[in-house]
Amino acid sequence: MDDGGGARRLRGDAVTLAHGAGGRAMRDLIDEIFLKAFGETRVSGLEDQARLALDAFGGGTLAFTTDSFVIDPIFFPGGDIGKLAVCGTVNDLVVGGAKPVALTCSVIIEEGLAFADLHRIAESMATAAAEAGCRIVTGDTKVVPRGAADRIFVNTAGIGAIPADRSLAARHIRPGDALIVNTTLGEHGAAVMAARGDLGLTSALQSDCRPLGELVEALLEAAPDTRAIRDATRGGVATVLNEFAAASGTCCRIAEDKLPLREEVRGISEILGLDPLYIACEGLFVAAVPQAQTEAALAALRKRSGGEAACQIGEVVATPQGRAVMTSFFGGDRLVDMLEGEQLPRIC
Amino acid sequence: MDDGGGARRLRGDAVTLAHGAGGRAMRDLIDEIFLKAFGETRVSGLEDQARLALDAFGGGTLAFTTDSFVIDPIFFPGGDIGKLAVCGTVNDLVVGGAKPVALTCSVIIEEGLAFADLHRIAESMATAAAEAGCRIVTGDTKVVPRGAADRIFVNTAGIGAIPADRSLAARHIRPGDALIVNTTLGEHGAAVMAARGDLGLTSALQSDCRPLGELVEALLEAAPDTRAIRDATRGGVATVLNEFAAASGTCCRIAEDKLPLREEVRGISEILGLDPLYIACEGLFVAAVPQAQTEAALAALRKRSGGEAACQIGEVVATPQGRAVMTSFFGGDRLVDMLEGEQLPRIC
Amino acid sequence: MCLGIPGRIIEITDAEKYLAVVDVSGVRRKVNVACIAETDALDELIGAWVLLHVGFAMSVIDEAEAARTLEVLDELGEVQDELTAMRESAQP
Amino acid sequence: MCLGIPGRIIEITDAEKYLAVVDVSGVRRKVNVACIAETDALDELIGAWVLLHVGFAMSVIDEAEAARTLEVLDELGEVQDELTAMRESAQP
Amino acid sequence: MKYADEFRDPVLARKVLNRIERTLGRIPMPEGRPLHIMEVCGGHTHSIFRYGLQKLVPDSIEFVHGPGCPVCVLPMGRVDDCVTLAEQPQVIFTTFGDAMRVPGSKGSLIEAKARGADVRMVYSPLDALELARRHPEREVVFFALGFETTMPSTALTLLQAAEEGVENFSMICQHITIIPTLKALLSDPQCLIDGFIGPGHVSMVIGNRGYGFIPDDYGKPFVVAGFEPLDLLQSLWMVLEQMAEGRASVENQYARVVPEDGNTAALRAMAEVYEDRESCDWRGLGAIDRSGVRIRAAYADFDAERKFGLVPADVADPAICQCGEVVRGQLKPHMCRAFGKECTPATPLGALMVSSEGACAAYHQYGATDLVGTRDG
Amino acid sequence: MKYADEFRDPVLARKVLNRIERTLGRIPMPEGRPLHIMEVCGGHTHSIFRYGLQKLVPDSIEFVHGPGCPVCVLPMGRVDDCVTLAEQPQVIFTTFGDAMRVPGSKGSLIEAKARGADVRMVYSPLDALELARRHPEREVVFFALGFETTMPSTALTLLQAAEEGVENFSMICQHITIIPTLKALLSDPQCLIDGFIGPGHVSMVIGNRGYGFIPDDYGKPFVVAGFEPLDLLQSLWMVLEQMAEGRASVENQYARVVPEDGNTAALRAMAEVYEDRESCDWRGLGAIDRSGVRIRAAYADFDAERKFGLVPADVADPAICQCGEVVRGQLKPHMCRAFGKECTPATPLGALMVSSEGACAAYHQYGATDLVGTRDG
């Protein structure tokens, strides 16, 4: 029988349950969309597992991470769920000092998703992976009936190599360290809230979604004694500060007037009564850097794309232990606690 | 403020969006359910990535795989989505000859899922991972609104170590090899179809969902020149045979009267007009073994749980190249093609 | 044209609505037996082998006829066996 | 009690339904201006700074009053500056 | 499995095959072609492919695959009707799995489902009725597809709905009857069929009396057969024996299931609910007089066509299709100009490429003997 | 951001604080306690915590957090009413985000949503009306919660729905009025409040005339204030100046937004749609006469209580709660026996622990100065 190379392959415009059933339609979907986008991973793609020589890890430590991505809308200003899925996992690797080696891509698709959308997402993943210097080596495709998922969910897992001489960890943070960020707060969350449309807001905001590897490498070169780096995602910068403080038994003290904030992010925050400290980012990291290396770190970051707005937002102090505190531009102090759940828009 | 250790933590009975928002509720959910089940992964759990010493890989090759699991119902006779998610990824590692080292666990939860269900799933994952001899080292939790997912989806990614002297691959298969399976066909798919309830079928069938590591190790010890192993999941045994034939340019010829089949699987197949060759398994592998080592292989498998019904189902021949063919117990030959999509119950 | 498979009635669940449970190799399903209910005493159907189609029992399988068909088949075979024997003995 | 923020009307989209677009730091939203529409000539509102609450413009911000308040604040500060100056000069 | 395994004995099969060969020797063969034996029923086609019977029988016998598959002869316009109803937001459209992939001019039901229509597969019309009971706020439409075998089940389900007053249940009636179609086939002067293997399960309902015209008017043997491989081989032998003996009659190989007069209760339910249509469209074959039924006016409330004011779509088959010739047994599937090119299981043009009983799908999936041979050898 | 940044100047603030300190020196202090200045409005409470003003002002001034947060005083029974309606399958229940987490006896709206109720957050009542237009097959209920600031928006939305005849739109009216509550507070002999910072946005609607009884009958200064930190400091200074000068009157610090007579168009819409309730329940405070409004009979079709025959639930607060004392300014949040133990943002007993204006939540989230100090130091 004809294996069906050539023109046919993807019939119709949209994914159906057949494309997740393990048969030829699924193979076609994978070949036509994912393998075409991700390039020659055919050999590993056809075995059940990708295989990687240990040399790729250069004798260091292996870093391993995963995230699932469930964003609505799946295309938004500044990115899409595919770019997000690659950047998110890459960033979780690089903030540990790892160089990303390989990613997986596992999608759960609601039947009816347009091939064109899937194609765009896959292309976007490939582009982001290339930018991040790693490959997507294996994956999985599931299709669920209408109403059993919201268009598409993407999971990525990633492995990376941490050079032997690096040991970034929140527990290394100590009083006196500077707290720096590479960019302005909350751009991703604010852009997505506006893009969703249900709040009736429009703006020119773009998600800050980007791979952070180059910035992290630049930071580590300029400030080799950097204690810890973490990307702020859900829960925003406030959550990272709390994690830093809890892991190191210190207090992260930031200054409100130092927080870099775009006007539109402020606008959305004011309209909805949200605190930008808790709004999600996807291309922002917080780093704890010894005070002496801070200027060098900031200078290095500011030279690079995605680091132009780098600045110090605060410093690490001894007490109150395990807490994040903010000095308002007004001089008063307040605790920056972790939120219980998500921030809800409010009227009062 | 009180960090909230102790009795409180999980308020109510069910997951809400707050549990996915990155704040304290999410931390509580992870601590109370996943970390309690998966054990002391706290250190890695609190960094963005797990870290593993390269020693764990013993100088071999690193295997890397992922799968997402979307089953309905999430609890079924013989397993649940958690067990499935661990076994599925473990099996994709072990069929490549890898020893599983570490897994990730990434869940997408529809708000409203009972904590009790989530707990049961996490426990089940922990048990399966322990049985498979590996650890769940990092994870991710997303919560989506009602109607945006179907209760829970679980993604696992896994890494494993392939010893330097092993090279299992479908392309190594050659004419003359025996095709063996460890157990009866289609138990998982048939059990789940019955459990789903919408077809009105009841049976005592259990899913064959199990980790295959021990069986694979036993097989490789008894038949060290085994060419390739693959677990049959979606698309069933027929799909594996087609993949074997395509990758090696041979023909996989099986005999209908050799196929091990439980009565109930046959019953469901007859009622719905399905071909058991295409029904999903979750604890079955097909292996291509040199004819000379087949008896030893089968003997070794039959001694072990999950291998009692091991048998040879066919052999590899030269032509028709790239095809799977079945000799019916009647003597006639027919092609065992890949299906286009999923098998649908039929009346004619 | 029409998938039909043999199963065995093991229970009458709702005589008024002609509902019974059929067992097919250990798999059970509720079926309608209106087409094979010759009397109102549905219980007599318990144990009967029936031909199932889309959730309806369409025929009670006639055991005697089945045996007769097999007999004919056997005879076809036997004649064949005799012929083979004849042929063999005819060979030098 | 009631979150209210300043924004600027940049467009009237439906005069009959009193709908306008307000800009808050580059973010835009459709709002109802019925409470501040003193005449039917809604276009006069374009450019006005208003106090927004739950999608309604509830007050046109009075620029002169705002300036006056700031003046008072400045005076409070200046008095303070004088006092400080006095105190300093009073010290030996 | 009782009543199945006994009829799958390969040793016995070998012996019956030998008998078939001997009987063949007594038959005067047609010039330049094998004997054409049509299995009317798609279920038989399925068994022939599944057990590789074509390869087992002597080369001088060729199975010709008949029109007895309700899916294979489902016209595109009718699929469009289903899609039209399925796309109404209040409708839960229920169907046997078979009809899901058949292409209409607006795609198949499975594609409509992917686009958002609420299409659900059921095992039994009873399950569709149960859905209607459980969703009183929705309209449940069942696609009543099939030959006489299936009619009693849908008729009884409709009667049950009427008795209970389940007002949100209705059916699209696409029931067709096999005898008018056989008449149409045989009246075609190009018909080259030498004998028939008759449909076992249709006959279980309608009995065997209706087939008399085939031996009487056309002189062709007609043997009603079961679906196991030994059933088929024995039936084939019975057809050949009639030919060898120079006679033609209706015989019943499947007496364990098929009573001579069919099923009285079933026929009563069918007569209560259905009446003949003047004419019915068959994919590939066109319109055939009185070859289908519709729901009687007394049950108009349960007739989805009336209930939703459906204007049946009339859509021509794609010009490239040769389904009609294949269904008539005049062309082998792989000789259709579209086979394996424009028409594949992934991109079916005709229903024959979709149904698991469809000859084209069977050729494509199971691989006709010669195909496997020629392609790879 | 114009009209915001100018009022956040820290240098100016420092100077105003110095003036406050000087003015304080001219005030005779109460025995054994600081001056109690109640900010009536939860928005002010929010600003005080957000900018850390309590820590900036002299220790001899203590901000007492008033009842002016519609979420904090929302009774459990009323949450139950919302949940009851939200759980009806045909209902899309819409609400401001604020009300989502407030616990009722059957849990909060966010929990009802997790259990399957269709609860949606909206930014504006206009968005709820738009949902009703877009879902004519559903019933859209809006939870009209809030003080006078919010009443014009809901009244105008209801009038719009009436004009368009949007029949599937209705509201639960939970609008309350601040003046009767201030009266109730002041008439309590245990009331130890020395001066008031008045609600800026309520006054923008109702004007400043209604507050006259506070200086006139109780001799307390009352300064209507804006929400920026300089607004608050200036207002505080104005209150203190009145005290220093031994006088009491209603003053308006927020003249850029608050007209003396309020907003005529808004008041007209409110009067058209709403009428006083005889009595209204406040969480922690109990029933207060004429402290809320209901929808007039002329608009009964848009009144969800009437439309759905809702029998309002009457649920007592948990016995352990001391919300009432906190709302009355008699107890600091962290002195409530449940604070941080049974009652946390994850397990709120009172609404004060939920709302971002709630004093208990603010103490818990932002950390009262002394708390941060005592806990860790």
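Every chain is named by a letter (A, B, C, D, E and F) in the order it is written, and numbering of its residues begins at 1.
In the analysis below, a residue touches a chain if its C-beta (ideal position, glycine included) is under 8 Å from a C-beta of that chain, and two chains touch if they have at least 3 such contacts.
Just so we're on the same page, UniProt names per chain: A, B = Hydrogenase maturation protein, carbamoyl dehydratase HypE; C, D = Hydrogenase maturation factor HypC; E, F = Hydrogenase maturation factor.
The shown structure was predicted, so the numbers you read here are calculated from the model rather than taken from an experiment.
With every chain reduced to the mean of its CA atoms, the largest distance from chain B is reached by D.
The most distant chain from chain C, with centres taken as the mean of CA atoms, is D. Top contact pair of chains, counted by C-beta pairs, is A-B.
Interface chain A/chain B: over half of the residue numbers present appear on both copies, so the contact uses mostly the same residues. The centroid of the Cα atoms in chain A and the matching centroid in chain B are 29 Å apart. Centre-to-centre separation of chain C and chain D, using mean CA positions: 88 Å.
Taking the mean of the C-alpha atoms as each chain's centre, chain D and chain F sit 22 Å apart.
With centres defined as mean CA coordinates, chain E is found 38 Å away from chain B.
Counting partners per residue, chain F has 1, 4, 42-43, 69-70, 96, 110, 123-124, 127, 146, 150, 345-346, 357, 364-365, 367, 375 as the residues that reach two or more other chains. Multi-chain contact residues, meaning those touching two or more other chains, occur in chain A at positions 1, 16-18, 24-25, 199-200, 263, 266-267, 270-271, 273, 322, 335, 337, 339-341, 346-348.
Residue numbers of chain D whose C-beta contacts span two or more other chains: 1-3, 5, 24-25, 29-30, 53-55. Pairs of chains in mutual contact: A-B, A-D, A-E, A-F, B-C, B-E, B-F, C-E, D-F.
Across the complex, chain C is touched by residues 1-4, 6-7, 11-12, 15-16, 18-19, 22, 40-44, 68-70, 96, 123-127, 146-147, 149-150, 152-153, 156, 160, 178, 199-202, 204-205, 226-227, 230-231, 234, 237, 253-259, 263, 265-266, 269, 357 of chain E. On the chain C side of its complex with chain E, the touching residues are 1-6, 8, 17, 24-25, 29-32, 34-38, 49, 51, 53-56, 58-59, 61-63, 65-66, 68-70, 72-74, 76-77, 79-81, 83. Partner chain B is touched in their complex by these residues of chain E: 1, 4, 8, 10, 13-14, 42-43, 49-56, 69-71, 96-98, 100-101, 110, 121-124, 127, 145-146, 150, 229, 345-346, 355-357, 364-367, 369, 372, 375-377. Chain contact summary for the complex, chain A toward chain B: residues 1, 3, 16-27, 46-54, 57, 59-70, 72, 91-93, 95-96, 98, 102, 104-108, 137-140, 142, 144, 147-150, 153, 155, 157-160, 162, 169-170, 230-231, 233-236, 239, 243, 247, 278, 280, 322, 335, 337-343. For chain E in complex with chain A, the residues that touch the partner chain are 107, 110-111, 113-116, 118, 340-341, 344-347, 364-365, 367, 371, 375.
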